[in-house]
Amino acid sequence: MENLEFYILLLFVIVGALVAVETKNLLSAVICIGAAGFGGSLMFLFLRAPDIAITQIVVEVLALVILIRVTISRDKTFISGDWELVGVIFSVGFLLIIFLAGIKVFDSLPEFGSPSFVANSELQDTASQHYIEHGVNDTGAANIVTSVILDYRAYDTLGEATVLFTSIVGAVIILRKHSRTPLEIGS
Amino acid sequence: MLYAMCFLLFIIGLYCVLVKKNMVKIVLGIVIMEYAVNLFLIMLGYRSGGIAPIVGQDEYTSGLVDASFIQASVDPLPQALVLTAIVISLGSLALMISICIRTYERYGTFDITQIRRLKG
Amino acid sequence: MKGMTVIVKTISSWVKMLVFLFGIYIILFGHITPGGGFAGGVILACSYVLIMLAFGREYAEENLSLKLASKLDCTGALIFIGIALIGFLYGGFSFFYNFIQQEYLADKDTAFHLISAGTIPLSNIAIGLKVGASLFLVLLLLSAFRLGESPEKEN
Amino acid sequence: MMIPLPLFVAIPLTTSFIVPFFGQKTKGIATLLANIATTCLLVLSIYVLITGQTGIYQLGKWSIPIGINLVLDGLSALLLLTISIVSFAAMLFSIQYMEQYTAKPKYLCLFLLMVSGMNGVVLSGDIFNMFVFLEIASIASYALVGFGCEHEELEASFKYMVLGSVASMFILFGIGLVYGITGTLNFAYISKIIQSAGLNNGLYFALGMFIVGFGLKAALVPFHAWLPDAHPSAPAPISAMLSGVLIKALGVYALVRIIFNIFGVSIPIGWILVTLGVLSMVIGVFLAVGQWDFKRLLAYHSISQMGYVVLGVGIGAVVLAQGKDPAWASLAILGGLFHLINHSVFKSLLFLTSGSIELSTGSRQLKQLGGLAEKMPMTRTMCTIASAAIAGIPPFNGFWSKLLIVLAAVKAGFYGLAAVTVLVSLVTLISFLKVQRYVFLGDLPEKLSHVKESKGSMAWSMGILACLCIVMGLFLLWGPLRDQILTPAVQVLVQNLYSSDIISMQ
């Protein structure tokens, strides 16, 4: 199999995720998520996406700091594993059906090695072909991914920066101490 | 086959969100689903034997990107999408964790079966 | 929490400058080498988190207080949308028009220099500033909250 | 004069970045700025509707498949109008109502971010761009639901956030599938490829994922678990925005745009829409009858009224797919869209009245209230007008849209559906009579003797919505007004010239 490294890495991420879901100790669950994330970032590197690999590792570090902050300070790290059978059986069965339906679907996607702008480039001139050929001339940036982010699709990145801004203001609101003014009107 | 494994990761995340009772475990389930979708998007743009979509000094001669780069470059568009998706997942993770902390301070537990003040 | 042992403190006092410099490098060279506003901003936030974990919350809060962090956050966002609006108001072009590149640098061959891609480095810096400040703000809040008293004194 | 489309997103976004600068002392300026922003959004959207401006706006001067473009056609103009009406009224209401909470500048910032997110979703012509702005509006609403930091509010916002993130992940996976198969992200090019190459099972799976994702955002019945907890625990102006316009702009608009304009209408999809609509209608109203908490009752009614909208659009889809007379289909879709704008007006009025009652009496339980008629006459009239509108009593706007849906169902031959619609409307009337009986009539409990009427900006915003409830019947009856507002939106869906228009307009 020619892209063997992807299978190994994806298997590693899946095993890490499974262990994170099933383990009893919260802290080890968070560590497994971290390991799965680093496996994913390695996979990005092998998939020729260095930008994403850097961002994934660094975001992974901060996510781990946030997650560990939650689990370590709480004394109760062990969760009572009460398996109520009916809910688990029903959801596992339901998810199995979705998975089988999903498997059949992926053959309509272009084969793994050839991206979509190569596979159906005869339908119409796709945007990615334009980005690769005229990326440097149009925007002057050598890194085509940055030129796509900040010039061709800069509106996405404005939305992106606003998403981060909203979640930070939201977190500040939720973590504030006094939520209601002392003068309660009417109650 | 790789897409199917990616979808399996997505299903594992969905399973964790549906079945688990601990709030932090549910948050971890959502993080797993985000990993699966990001991996799926980047795998769509991979070209076997391709190179990263960054034009080197030698590949840019006299204002024209030479043909070897155009044939070999990986698709830059999904990478732009995934960069956005990663930062969205970090933002929503920060908000979820702050909600978890605040509910732990109020209820004293992460177990959603005991936080059942709301009915329905 | 008065921070960790002396060894950690001395090492982290050196490493934080290195991490900070690396973050700035990633932001500034975002349009030439891999990286960019987001990754660089998160690295900046990591350098501050390093100080906060090593030296304790009070020390970190002196050199970048909560109010200053939220102000930096808003200014970064305002600069970014300002760049977009300048492109919009600049002679009636459209919203995110890369006016520096298209008007001034189009013919000159500046492909691989630092100041090359018009508004792209400027928006990279704005995003890096915004992401760094806002993530540091959240982490400071999360750690402050555990001690019971909340930093939001006045509101 | 053509209004540049990014203004609809740029104005609320810039104001929301400026507003957090003001601390607790200078929150008056922040409130003023926020109101100015919502007012000029309202003026812009009315101007756009009157001049009937349609067209595309290429961002960054890049042509269609390369850059992102904003699309304004009849449907998005109608949604823009609903968003700005409800956000204008809710902002006016929250000037006084939000005095009982701290951190008001941050509340205003999140409110404006939610508005800019919804405007972004309605205007965007690119599927990933719609996802990003959907994410902005959702994250802002998660934080706003948990604004009060009490026990119930935190638990409700956590449940809402978990289900909302799952929905977003489904939508992103669907976008990945669509990009993998078609190779582009632009609505017009995707629908062109689908029309030429047809639907393979990958695209069917992606459509299933979109229906699940946007169904979760629109709180249709199989996915409505979060709505009855999220809406009551949010502050009143926010629950007015949530059930008034958020579940419509994010859920129903996106579902309709993707099904009608991109994937093309087919009989199975039409029947899926009809079943979702009927289920939401019936289950929503029967759950609502047994409620004793005023806002929970209103939240369940939101689900059932959303069922009306989806039913109307679903009947139109089925009729279109069966190739029958498109006039019937446009009648059904007209009923659905008209009910969409009606519901956003009278449901937000109901939530605002419940907010003013909660502010004065401090409780939402119907059992603890009673005899408020003489103490709060203005709120009583507003609540009666809105209850009459939601129950579908003739002179008010709710009646006309329900009548249209029943007519379309009868004409399309689904007599069972027409009967169910009338039955559900009757049960709604019964439950709102119960509300009137317990809140306003009956004897005044002694502890509520000191209750004062809410005045000032709260009265003004409720008044505006109330006279809209009365006047909006004209939207349908008066010919020229109907052709200006409702008919273009219906034509967008019935004729499905979306992609050919955009590609020709490039």
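A few notes on this one:
Order as written gives the chain letters A, B, C and D; numbering starts at 1 within each chain.
Everything below uses one rule, namely that contacts are C-beta pairs under 8 Å (C-beta built on N, C-alpha and C of every residue); 3 or more make two chains touch, one makes a residue touch a chain.
Note that the structure is a prediction, hence the values are computed from the model and not measured.
In this assembly, D is the chain whose CA centroid lies farthest from the centroid of subunit B.
Work out the mean CA point of subunit A and of subunit B, and you get 1 Å between them. Chain centres here are Cα means. That of subunit B falls 29 Å from that of subunit D.
Averaged C-alpha coordinates give centres for subunit A and subunit C that are 22 Å from one another.
With centres defined as mean CA coordinates, subunit C is found 22 Å away from subunit B.
Residues of subunit A found to touch two or more other chains are 50-51, 55, 59, 62, 66, 69, 102, 106, 109, 116-117, 127-128, 131, 136, 142-143, 145, 149, 151, 153-160, 162-168, 170-172, 174-176, 178. In subunit C, the residues touching two or more other chains are 33-34, 36, 38, 42, 70, 77, 81, 84, 95-96, 98, 111-112, 131, 135, 138, 141-142, 145-146, 152, 155.
Counting partner chains per residue, subunit D has residues 13, 17, 20, 59-60, 102-103, 106, 128, 132, 135, 139, 142-143, 146, 149-150, 154, 157, 179-180, 185 touching two or more of them.
If you draw each protein chain as a dot and join the dots that touch, every dot ends up joined to every other dot. Contacts from subunit A toward subunit B in the complex involve residues 2-3, 6-7, 10-11, 13-14, 17-18, 20-21, 26, 29-30, 33, 36-37, 40, 43-44, 47-52, 55-56, 59, 62-63, 66-67, 69-71, 74, 76, 79-80, 82, 87-88, 91-92, 95, 98-99, 102-103, 106, 109, 112-118, 127-128, 131-133, 135-137, 142-145, 148-149, 153, 156-157, 159-160, 163-164, 166-168, 170-171, 174-175.
Contacts from subunit D toward subunit A in the complex involve residues 13, 17, 20, 59-60, 62, 65-68, 99-103, 106-107, 109-110, 113, 116-117, 120, 128-129, 132-133, 135-136, 139-140, 142-144, 146-150, 154, 157, 177, 179-186, 189, 192-193, 196-197, 200-205, 359-363, 451-452. On the subunit C side of its complex with subunit D, the touching residues are 70-71, 74, 77-78, 81, 84-85, 87-88, 93-98, 102, 152, 154-155. Considering their complex, residues 50-51, 53-55, 58-59, 61-62, 65-66, 69, 73, 136, 138-143, 145-147, 149-151, 154-155, 157-158, 160-162, 164-165, 168, 171-172, 175-178 of subunit A touch subunit C. Within the complex formed with subunit C, the subunit D residues making contact are 4, 6, 10, 13-14, 17-18, 20-21, 23-24, 57-61, 102-103, 105-106.
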